[in-house]
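So that we are looking at the same thing, I have put the structure below in structure tokens.
Order as written gives the chain letters A, B, C, D and E; numbering starts at 1 within each chain.
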Amino acid sequence: MNASVLHLMLPEIVLTVAALGVMLWDLWLPAGKKSPLGWASIAICIALFALTFLPEVAKGGTGLAGCFTVDPLALFFKRAFCVTGFLVFLISREYVDDLPQGQGEFYTLSLLALLGMFLCSSVADFMSLFVSLEVVTVSFFVLAAFRRERTTSVEAGLKLLVIGSLSAGILLYGIAFVYGAVGSVSFADIRHYVATGHIEPELLMGAVLIFLGLGFKTSAVPLHVWVPDVYQGSPTPVTAYLSVGSKLAGFVLVVRCLTVFAPPGGELSSELTAFFALVAALTLVYGNLGAIPQTNIKRLMGYSSIAQCGYILIGIAAASASQFEGNTSGLSGALFYMAAYVVTNLAAFAVVLIVAKATGSHEIDDYAGLARRSPMLGASLACALLSLAGVPPFIGFFGKFMLLGSSFDLAHPELLWVGAIGFVTVVIALYYYLLVVKRIYVFEPRSPEPLAVTGRMKVVLVLAVAALIFGGIAPGFLVRSATEVVDQLALAAAR
Amino acid sequence: MDRAPLLAYVTLFAPLAATVVITLFTLKHKALSGFLALAGIVTGLVCTILLATDVFAGTKFPPHEIDWLSVGGITLKFGVMVDSLSVLMSLVVTGVGSCIFLYSTGYMKGDEGYSRYFACLSLFAFSMLGIVFSTNFVQTFIFWELVGVSSYSLIGFYFAKPSAVDAGKKAFLTNRIGDFGMTCGILLLFFTLAEHGISTSLSFAELAPIFHDAAKHGLDPYSGTLALAAFLIFTGAMAKSAQVPLHVWLPDAMEGPTPVSALMHAATMVAAGVYLVARTYFLFFNYHDALEVIAGLGAVTALLAACMAFVQNDVKKVLAYSTLSQLGYMTLSLGLFGPGAAMFHLTTHAAFKALLFLGAGSVIHGCHHEQDMRHMGGLRKLMPVTAWTFIIGSAALAGIFPLAGFWSKDAILTTALHESRVLFGVGLVVAFMTACYMGRAYLMTFEGEYRGHAKVHESPATMTIPLVVLAGLSIVAGFFSLPIGFLGREHPGALDHMIVGPGGPAWFPGILEDHFNLMVAAGGTLAAVLGIIVAWRFYGSRAWSIESFTATIGPIHRWVVNKFYFDEVYLWIVREIQQRVADVCAWFEKNVLVQGVVKGLSDFTRWLGYLVRLMLDGHLHRYVTMALFGIVAILAYLGMRN
Amino acid sequence: MEGLSFWVGGTLTVTAGMLAVTRRNAVASVMWLVAAFMGMAVLFFGMDAAFLGVIQILVYAGAILVLFLFVIMLLNLTPSALVRIDRPRAKVLGLASAGFFVTMIVVVAMGSQAWTTGEKAHRIGSSAGPRASDVLPVADQLFEQHLLPFEVASILLLVAIIGAVVLTKRKV
Amino acid sequence: MPEVTTAHYVVLSAVIFAVGLFGVVTRKNAVIILMSLELMLNGANLAFVAFSRHHGNLQGQVFTFFVIAVAAAEAAVALAILIALFRLKGSVTLDDVTELRG
Amino acid sequence: MDFLSLFVIVPAVAALVLVLVPERQKALVSAIPALAAATCLAMAIWLMKGAMTGGEEWLATLTPPRIPWVESLGITWSVGCDGISAAMVLLTSIVLFAGSLVSIYAPSTHTGIGDRPKTFFLLFLALVTGVYGVFLVRDLFFFYFSYELAVVPMYLLIGVWGSKDREYAAMKLTLYLTAGAMVALAGILFLYFRTWEVLGQATFHMDDVLAASKLPAFNAPMHGVDFQNTTFALLFLGFAAIVPMWPFHTWSPIGHAAAPAAGSMMHAGVLMKLGAYAILRIAFPSCPSGAAHWLPWVAIISMANIVYGGYVAMAQRDMKFVIGFSSSSHMGYTLLGLASASVMGVTGAVFLMFAHGVMTALAFALIGFFYDQTHNRHIPDLGGLSHQLPFIGTCFALMAMASAGVPGFANFASEFMVMLGAWQAGFKWQAVIAVFGVVISAVYLLRAVRDAFFGPRNPRWDKIHDAHGLQKLPYVFLLAVLLVFGCYPKPITDVIEAGVKPIVEAVQATTEFKGNYADRIEIAEGKR
């Protein structure tokens, strides 16, 4: 092991040390005075974000016998994870500070999950992929069941666990098949093998099983079944974290695997395109239809999360179809959308947390008159939901525009039908988001007393909404970064 | 700009200016409003007289036009056409108008909507003058509609009275039906000519020579399409001039203030149809089929309206049906190649019919808004000025020598005799009937014992002066037609000279050369005298019993009393067809489109949502099964692709 | 030798596995599962993966399943608590889906030329020949070629420890 | 006895995997479901080892090693969750865990 | 920043400023939007005046250079203005100005915007920003962006400040229009990718799309179907939902009915015009042969709009529904005008959009005025309102006249132009039916006026007040606009015609046109 690997892995190392440090510091802090842990976690996220810009890290490279790689894709996602962690820890404080115990463990596990995500974005072989992914998954098993005194939380943990293990089995089986076909678990080897024109059924089956297994994280059909239940049952900060961090960890691996299985010249991609198209369509339809009759905001966000995954999968399908050549706006759109999704979803969950803290309810009906009780909360949630619905001038609009747009590329007409389904579901999505917006603005509040918002949360909300609008009006910067990532990927994949 | 168009523009816009100023500034100052309106119309009169001196002297003015709209190669223009025809008509409008405006200042005194009244009246004057000076079909149509609007606003002037509002609406809608035909006619005419590359203009001045010399311009003079266009344009005239079957609005229009009835629904507005046909006679001249229909309609209108006039008890209604009948007369003349005679009758009719209406208004005013003749009688002694002027008007209408009506009616009858003996006969019968019902009206109103209760008084001077002026006009107007030397055929009458003279329209058939026919004059006079005698026997001396007479003719009487059931037919169409169609459409909208398709779609989507929701019922093993099935299905799908 | 281990180990694993997932008594299930893992170990040994065979017995049979046993005892899952185990419809569905899944894998696997010919492919990454019972090559793989997953696995175990502690601490 | 090829092992692994699946789908007892999940992972392990031998490299074997580690970690957390569940409900039957639905 | 962009920036900035103003500062909260509206109106008048004197050349000089926005996708911020845009911008400014005044000077604050005025104006300004964007941007992405931006705030405007059935109406409207936008977006994306194929460069700029559409490769069949026919159909159907074309119109009457006065004004006055504008701006020039292929069918459907809409309006008893269905009837004329594909007809259609926008804004302002006090729009319950509301009654009657196509108001001139255009295009029977539609409209409008405003004094409404002082301003203003442009339409029609001409001529140049419009007469050349 040489120094350059240590440089490359600096964020991960720092994160590991920090997580362990938080765990140990917890032992010294007296009960009821654990809030420094939260501040520490927030600080760590900021530090990590800064670290990703360190020239040694940012210039990229590979290490650890080719198992660990830092490239623009990894950096893009690492930064997204930092933002995720930052926001999640910030809004978690509303919740975690009130926990009777276990704050230290909560932050430690969250940080370790973050470490898992960091690793996921940098892995370069399936062995590391599997283990890193399991770090994220297992952490979330625990986090979901964290309120072990509540049946809903434990039930969420159990459901996440069973489906998670099942999907791990599916993923493993897929990896096994790929390994069986290629004889290696290294991404580079497999990419080379695929690019040289091998399209055996076992390879295809392996690839498909891998993507299906990853679908558990991204909440794609058919391994999406846990999503609504777990979102509803988990502690709200965990739901927020799960909805963004876990999903993005899944997607970074999907993108990574796409470079492996659909490199330029590879002939697997037409099958994979069909696969992604089908899954995207099913996911879109399922998520959007299921969200209509929901009465619980967290459950609604669960279905919405499935639906959002469907939109991103359209972009992935387009990327698979274009094989990193020509118009790659599908993949850059997917990356853009994921980044947008972080801010949007967490803004929504911030409001959910505050409202739950004040009213103790997650029922949508209890959001009646929210804009009257607290104009700021109402406006923030409405903006976030409308952004998710893809309404200008919010950032979600541009993301959806790119994703849906990519499916209409005349170069791959086989995706047109998915695009059409996407269009239909946009309307459905607008419907159920507007149902919430309606309660916020149109309905009269059940109890007139205003909702208090702490200064910290005000800052979070203002920042998030500002980001939503700014990103929607001036998406150029983010698109440029996403496009750069995709260009680098294309270069790497072509090599 | 030359003097002539300038004067025409001043004539045209002076009343509009009055409207605008009244609406914007003087609604609260009643006297000022009345003065402004009067000033507007008198300005118009003065200008018209100035114009008349030029035009009747034979000066020819080219039409003055500006582009009103010019798009895609089609240009619609706006301007003024100063020729003898328009100046004559303008004289009628501003002349009679001035009298009536003056009369109104007295008649409307104390009314809440005094200013509004004058604003609308001035607007009407503007619209009417717009038709008069119009240079082309589209401009005519525009003012045609505006006349309808001002008529609507004035008929429904007493908007608190539902019958008045309904009458206004009826007038507007009936006119709309005519305008529907007219629009189609204009479109058809324009595009037929354009299609054949003959002309892309709608200007009278440009079209007239083309039609006049059809062959030279490659125009098929007997084209059915053009005949249809001509007839469609005539439907506009039909509605405005209240020809059967679009006459139903006119009697109802008497709901408006009486001066309005005098000005619009007797003297000018209803004459617009006649004026239009006369103005565009080049279009009709070639199409004998269209003209025959027009003549027939005119005859039928004249006859039916005269019948209905017999059974009216409302003095204004009698006059209204009489107007209808006279309009039918004019139309008859138009259909028989006699636009000149029609215009002549129009002019004289304007004078004496306005006189009659104003007289009726004076009576109504004096009787405190009593309109039913059965509650009048013996008013001659109480309102002498009104009575005498009314007698002059009635006699003129009946066509008694040497009053105005005699000459103009004679011109029409001569024309009719020249073309069709049957229609000549109809004309004579109508002449008889006219004299008869006017006799009835006069006798019921002014003779016998007073049957009412209110205290009757003579009207103020503002109202009687116009009566006297108009009575004077009713006496002298006919003499304009007299040829110099009376029998010298080589010297046509002054009116004839005006219309077809050098200052006249580009092409226009004049009054027939054998203008004065002694036989016709004698026949007409005889019919009128007979009519008066019959009326006297029934209503004056009571020698004949009206009750037994009506019993004798039984069913005919019923038909006449019910106005030949025209209103019922229209009502049936409105209720049973129009409203049914509307209800069916509304039902379709509500139950098929909204409740059916739209709601069905949204309910279906929501139902699908519930279905999806049911899939996750909380049982973990079912989740696993679903996931497995999903995986298997996806794999099978991919397997089947290969 | 290899054929024998395949058939013996395979039969044992499948039979014991089937029994394990169908027993009413949880303790019996665990015992059958131990047997199945033993069968797996036999298969591993037959494939010259002695190290894995040992690990299989040590970790799976020795540690994980003992943990299961502890928990079962701890929770006092008596057979009476487990009476209703049958789900007729679920059984059919489960069988069907599992059956479909296997069929698909079998179709693909049997359709693969490389896997059915029996010849040992040496394509990519086969630098070191398989020297079966030797632990050294495995160690080389673990600590040189795949150090990252190895390290990450330790973090994973740390997560598991923290998780187990946080979820089961007595005081609520 | 026909020669045992890689495909044989793959089929066997699929059967073991399927037995695990069957257990997951049919059983209500969460403990048995966890055990079935372990069995599924073992199925995958078998495939890895078979392919490892097929390709003559040790990556498959090493992978199996990690799978066992992951299985251990998962089992620990899973059993902890079951204990928490048992404390709340007094049973670990899945029929009792249907509070979250819709 | 260039002049044209200012139209988008002014309301957007006003909205931003409004965010920072505390809700308590009521005067400031209404002053800011009024100021923005006045500014926009002044700019729009200046623009129109310039267009009248300087023509297209002058408008072309206003076009700023493109500002790259997202390079990789070819998105640029580019605005431009031709005669059509100028007219629509003027319309928007007029309605915005009147709408702000109506909102500020509402006679009572109950259903007005007394409740949360800040949020109201914020959404209102956001909507207006979108509308200006649609009319001015020349980049398909920003076009679509603005289009959606204009649609969605309407949800809250109706939902919060609306009246009966507001929730249903708001939801229906939003979903309908979004669905339409989605279909249209499909068409836009087809154009985008085909342009990319043909030019080898990603660009959303309309000029580039037009340049590409001139190349033969642009029309290559798309997997067996004709490219232009498909794309035009998508664009047309998508945008026709907002026109609203029968049978996709059902969102519109109830949307109008439920919206607050200023909302209805903006909505019926301007928002509905976005559809026809978009068809003209995007679908016509980019797919001229597709247009020629489909437009004869549109001419037939427009009849359904005119006649059916008119008859349904006749059966309505709610004043706003009468006006709502009459709007959908009137927009049939716009469709017919577009379908005529003649300079006259299309210019008429655009002019009608302008006229109808002003007229219908006036209608809803007036209804809003009395509804604010009566809380009743059921026509049989009203009656005799002219006694209490002479000014409003007069305005309403004048509005009805304008709507019924009485000359002197801009509506007449525009509808007449549409009829001329339709006949010119060979749609003789359609033209005749369109003329008949004017009769129908007179029937229900006069009936509405009669039943609501005329008749004996109704003591039930004795408490309500007529407009006075500054309250009259918006109504007089709107009427004046209608009259000015109705009495002398040439200046504005010249401006519009200059914008319409190149678009229509492109359609007329296609072979498809010569087949489908065989009856068309070359009026201008006087041929045949």
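Operating definition for what follows: a residue touches a chain if its C-beta (ideal position, glycine included) is under 8 Å from a C-beta of that chain, and two chains touch if they have at least 3 such contacts.
Keep in mind the model is a prediction, meaning the values are calculated, not measured.
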Open item on the list: Applying the touch definition from the top, give me the chains sitting in contact with each of subunit B and subunit D.
Closed with: A, C
Task: Graph distance between subunit D and subunit E, where chains that touch are linked - done: 2
Open item on the list: Measuring between Cα centroids, what's the chain most distant from subunit B?
Closed with: C
TODO: Grab the C-alpha centre of each chain and report whichever is closest to the global C-alpha centre.
DONE: E
Task: Pair joined by the larger number of C-beta contacts - A-D, C-D - done: C-D
Task: Centre distance in Å when subunit A and subunit C are each reduced to the mean of their C-alpha atoms - done: 31
Task: Geometric centre distance via CA averages, subunit E-subunit A, whole Å - done: 42
- [ ] Calculate how many whole Å lie between the centre of subunit C and the centre of subunit E, each centre taken as the average of the chain's C-alpha atoms.
- [x] 69
TODO: Round to the nearest whole Å and give the separation of the Cα centres of subunit A and subunit B.
DONE: 77
Task: Where subunit C touches two or more other chains, by residue - done: 87, 90, 93-94, 97-98, 101, 104-105, 109, 112, 114-115, 121, 123-126, 145-146, 149, 153, 156, 159-160, 163, 165, 167
Open item on the list: Residues touching two or more other chains, restricted to subunit E: which are they?
Closed with: 175
Task: Contacts with 2+ other chains: residues of subunit B - done: 613, 616, 618, 620-621, 624-625, 628-629, 631, 635, 639
Task: Chain-chain contacts as defined at top - done: A-B, A-C, A-D, A-E, B-C, B-D, B-E, C-D
Task: Of all residues in subunit C, those that touch subunit B in their complex - done: 87, 90, 93-94, 97-98, 100-101, 104, 107
TODO: Enumerate the contact residues on subunit B facing subunit E in the complex.
DONE: 67-74, 138, 141-143, 145-146, 148-149, 152-153, 156, 159-162, 165-166, 169, 172-173, 176-177, 179-180, 183-184, 187, 190-191, 194-197, 200, 578-579, 581-586, 589, 593-594, 597-598, 602
Open item on the list: Considering only the defined contacts, which subunit D positions touch subunit C in the complex?
Closed with: 1, 3-12, 14-29, 31-32, 34-36, 38-39, 42, 45-46, 49-50, 52-59, 61-62, 64-66, 68-77, 79-84, 86, 91-93, 95
Open item on the list: Applying the document's contact rule, which stretches of subunit C touch subunit A when the two form their complex?
Closed with: 104-105, 108-109, 111-112, 114-115, 121, 123-126, 144-149, 152-153, 155-156, 158-160, 162-163, 165-167, 171-172
Open item on the list: If we count contacts the way the header does, which residues on subunit A are in touch with subunit D in the complex?
Closed with: 126-127, 130-131, 134, 138, 141-142, 145, 148-149, 151-152, 154-159, 161-162, 165-166, 168-169, 172-173, 175-177, 179-180, 183-185, 228-230, 232-233, 293-294, 299
